[in-house]
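One structure, as C-alpha cells, below. Some questions next.
In order of appearance the chains are A, B, C and D, and numbering begins at 1 in each one.
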Amino acid sequence: MLDKNGIAKRIAQEIKDGYYVNLGIGIPTLVANFIPDGIQVVLQSENGLLGMGPFPYEGEEDADLINAGKQTITMAPGAAVFDSAMSFGMIRAQKVDLTILGAMEVSEYGDIANWKIPGKLVKGMGGAMDLVASAKNIVVAMQQVNKAGESKLLPRCTLPLTGVRCIRKVVTEMAVFEVDSENGGFRLLERAPGVSVEEIRKATAGRFIASGDIPEMRL
Amino acid sequence: MINKVVNDVQEAIAGITDGMTLMLGGFGLCGIPENCIKEIVRQGISGLTCISNNAGVDDFGIGLMLQKHQVKKMIASYVGENAEFERQLLSGELEVELIPQGTLATRCLAAGYGMPAIFTPAGVGTEVADGKEVRNFGGRDYVMEMAFEADFAIVKAWKGDTAGNLIYRKTARNFNPVMAMAGKMTIAEVEELVVVGELDPDHIHTPGIYVHRIFQGQGYEKRIEQRTIRKREGINLAKAVDYAG
Amino acid sequence: MLDKNGIAKRIAQEIKDGYYVNLGIGIPTLVANFIPDGIQVVLQSENGLLGMGPFPYEGEEDADLINAGKQTITMAPGAAVFDSAMSFGMIRAQKVDLTILGAMEVSEYGDIANWKIPGKLVKGMGGAMDLVASAKNIVVAMQQVNKAGESKLLPRCTLPLTGVRCIRKVVTEMAVFEVDSENGGFRLLERAPGVSVEEIRKATAGRFIASGDIPEMRL
Amino acid sequence: MINKVVNDVQEAIAGITDGMTLMLGGFGLCGIPENCIKEIVRQGISGLTCISNNAGVDDFGIGLMLQKHQVKKMIASYVGENAEFERQLLSGELEVELIPQGTLATRCLAAGYGMPAIFTPAGVGTEVADGKEVRNFGGRDYVMEMAFEADFAIVKAWKGDTAGNLIYRKTARNFNPVMAMAGKMTIAEVEELVVVGELDPDHIHTPGIYVHRIFQGQGYEKRIEQRTIRKREGINLAKAVDYAG
C-alpha cells in the first residue's frame, strides 16, 4: 500500500517535460515534490499565477502571494500573474496540459464527485468544476476505500457530481487505473508494490478490468 | 483627468443600503477590501447579497459581516474555513448559492464587458446546470450563465491614482479586476493613492473608467490564512515540505 | 451655415464635466479643440487608450502611440492602455458617456448608415457598429445635404445600416436636431446663425418637427 | 520555466502552409508582426485566410501579402488606405468578411478563454446579423457570434522572455493580447527578448502559456500611417490643429 507521498510520487511520473500543470489541494500538492530533475514544468494556481515556486523561507511570507489552497508561496523566475477570468480562461481553453485533483468518488465512466456531501459538508466546488469540465488530461489522486472499508471506485457516483465522463486516470494507494469512459470500467494498469490483483479487485466496486500480467509500479 | 477621490471610507460606501447586492474582491483573505468591510460592519447594513469567491474566516473579511447577520445571501465558489457560516447555512438563516469559480469570474467579466451571458462547460451534467440552458457547440455541451448585476463592487488594489486607475500586487489581483468592471458603482480602496501621471499607463490593470470612488485605506492587516514555509539551509527536511505544489 | 469647426464647436457643448468621450474620425475629432476650459473629460480611443492628449510636438511622434484614426498622439497624465477586447468591453458596458461620430445618412427613427456604399466604397465599419449599438448617448456630426444638394436626413436610410434606432442628436451645418425614435422625426432644437426654419425644413427629407420659436445656436 | 525560444523567423513560422487561417496582431501599422509578415511574403505561402483588424497599406504590413496574392480571404473591420486591396476586392479576386471591431476582438477573446460563442449588440438590425441568431436579453437584442479558430496567431510585443511572457508598449498592444490567446499555435516576435526573471510578473500582459514560439525580431520599421503633430510654442496655430481629439 502506498502512503500519500507514494501516490504523489507515482502521479509525478505522469508529468512530461514542458507541461503546464494544475495541482489541486491535498495529495496533488505533494506531487510537486517528486517532479523528476531535468523536467521543466510550470505550475498553475487558479487564483491567478503561472510559475508557482516553493514555500517561502520563514520570515519571507507575503500575504499577497498565495496559491489556490491559500498557502503562502513564492514565484519561480518567469512567473506571470493574472486575474481570475484569465486564469479560468486558460483552463477552459485547455492550455493546461495536466490537472491533478482529489476525489471522494469516481465512477467507472469517469464521473467524479468531490465537492459536497448533502447535509454534512458543503464547502463548495471552488475551481474543481471548471477544471474537470475543461481539462483534457486529468489524473485523480484518491484513497481506494473509505474508512469503513468501502470502495470509492463505483459503478455510479452516489454523491453530487463535480463532472461527467472527465476522469482518465486514477491513482490510489493500491493501483493505477485507466478509466474506460466509453464502455465503463476501471482498467488496472499497475499495482502498488506487494498488492495483488485480487486485493485490488475486491476494493473496486465498479467494473474491474484486468488482463494479462499487471506490472508493479516503479517508484 | 476626472477625479474619483473620496475623503474616507464613510464617503466611499455612501449609498450602500439594506438589501443591496455587493461584489467583494479577494481570494480567501488575500486582496480583500478590509476598510470597506469594516465600515459596512460598523454601520450594520443588512439583508445584503454578497458575491465573493469566499466568505472570509470567522473573525475576518466577510466573516465579520456574517457574525453580525448582515448577509442574507452568499454567492461564492468555496465557503470552507468558516464555522459561523456553516452554522447559519445549516440552520437556514443564510441562503447560499455555490457556483464554479471560473463561472463566478466570467460572469463578472461578462458584466464588465457588456455581454449578457456566457457559455461554459463547467457544471454540465451536475446540479449546477439544473434549470439552465445547456447548448451544444462543436460536439461539446455548455451551460449558459448570465452576467452578474451588482449595485456596488468593492475592490482592493495596491496602488491607485486620483483618476481611479488601479494596479494590483501579486496574487492579491485575483477577482478584483473583474469585479471592478462589473459594479454599477465601483469603490476601490488602495494601499497607496498617487496623483495622475505617477502610474505607467502600460502597467494599469483596471482603467479608471470602471472606478467611481477611490480612497487610501488604513491599517491593513493582510492576514495570512495558511502560513506555509520552508526551513532555511542547514535543516535538511524532506523535499516534501519544501514545495507548495 | 457652419463650417466644420462650427459644427465641432456646437457639439462640444454636449460634453459635461466628468464625461468619458469617444470621438470618431473627421469632424468629431475636431470637437476636442472646443472643450470648454474647466471641464474635465477623458477621451477614449477604441484602439485601446483612455486619456488621449494633444498631437505630439514635431520629432516626438511615437509609432506605438496612435489613436483610432491612426494619427500620432500623446497621452494625458492618468492615461491607461488596454487591449481591444477591454476597449470594446467598456464601450458595450456603456461606461463611455458620450459618443460623437459622423454619418452618411440618418433616418427619422435614429437609424444610421456610415460604413458602406455598395459597389463603390467598402472600407468597413471599424468600431462604429459597436459604438452605435452600445452607446447610450450618441451625437452625430454630419453635413445636412450632399454635394448634389440632397438631404441626408431621411425617412429611411438607403445605404446599408450601421445601427438601428440609436441616434439621439444630430448636429449639421444648419441645425441641431433631436431624433424622435418613437414616432419618427427630426425635432429642430436650434438653428445655425442666420439660417431660417424654412431653409432647414427644405433640407430635411425625413419628417420635420419644429414647434414654437427655434433659437439660434450660441457658439 | 519552459523555454519557447526559436532561433529565427524561419523557425518561428515553420508549419504555416498554404490555405491556413492566420491571425495577425496590430491596429493599422501599429504593433504588427513585421518580421513574420516579411518571411511569409518571402516564402510565398498562399491561399491564406487572414484575420486582422486592418489589411495594411499598399507597401507595408498585410498589404505586402496582398500584392503577392497570398491572401484568399480577409476578415477585418476596416480595410481603407489600400488601393490594391480595393482592386482585388472589386475584381472578385479577394474574399472579404467585414465585421465590427469589437466583435473581432471579442471573438478572439472567446477563443482564448474557451468560450464557444459570445453575444454582442453590435450589428443587430444590419447585414452583419444576417443569418445569425439574434436573441433578446433584458429587452435588448444581441447577435450570437462564434469564437474564432485560427491555425496560427502571430503577434508583436515590445518585450518578451524565454518563457513566452509578453509585454506590449502603449497602443501597440491593441489586438495582440487577444490574438495571442486565440491561436492553436501562437508565434510572438519581440523587440527585446530577455531571460526569465527580468520581467515583473505583475506587468506581464500575455502569460507564456499562450505563446508557443518566441524570437527577437530585427530591423523594425514601425511606420507611421498618419503623422500628426503640433507646432512648438512661438507659432501660435489655431487650437484646431493642436488636438488629436
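By our rule, a contact is a pair of C-beta atoms (placed from the backbone, for glycine too) under 8 Å apart; a residue touches a chain by one contact, two chains touch by 3 or more.
By chain, with names taken from UniProt: A, C = 3-oxoacid CoA-transferase subunit B; B, D = 3-oxoacid CoA-transferase subunit A.
These figures come from a predicted structure and were not determined experimentally.
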Each chain counted as touching chain A and chain B at once: D
Chain of greatest Cα-centre distance to chain C: A
Between B-C and C-D, the pair with more C-beta contacts: C-D
Between chain A and chain C, centroid-to-centroid distance (C-alpha), Å: 56
Whole-Å separation of chain centres (CA-atom averages), chain B against chain D: 33
Between chain D and chain C, distance of the C-alpha-averaged centres to the nearest whole Å: 27
Distance between the centres, which are taken as Cα means, of chain C and chain B, whole angstrom: 38
Multi-partner residues of chain B (at least 2 other chains): 106, 113-115, 120-121, 168-170, 173, 201-202
Residues of chain C whose C-beta touches two or more other chains: 49, 75, 81-82, 85, 88-89, 91-92, 134
Pairwise touch network: line, ring, star, complete, or other: other
Pairs of chains, among all present, that meet the touch criterion: A-B, A-D, B-C, B-D, C-D
In the complex with chain A, residue positions of chain D that touch it: 1-3, 111-115, 161-163, 165, 181, 196-197, 201-202, 204, 207-210
Residues of chain C touching chain D in the complex: 5, 23, 28-34, 43, 45-49, 52-58, 60-67, 69-75, 81-85, 87-89, 91-92, 111, 122-130, 133-134, 160-165
For the chain B and chain D complex, residues of the former touching the latter: 106, 113-121, 137-138, 140, 142, 146, 167-170, 173, 201-203
Parts of chain B lying in touch with chain A, wherever the complex brings them together: 27-31, 53, 76-81, 86, 89, 96, 98-106, 108-109, 120-128, 158, 168-178, 205, 222-232, 238-245
In the complex with chain B, residue positions of chain C that touch it: 18, 20, 40-42, 44, 49-51, 75-82, 85-86, 88-96, 134
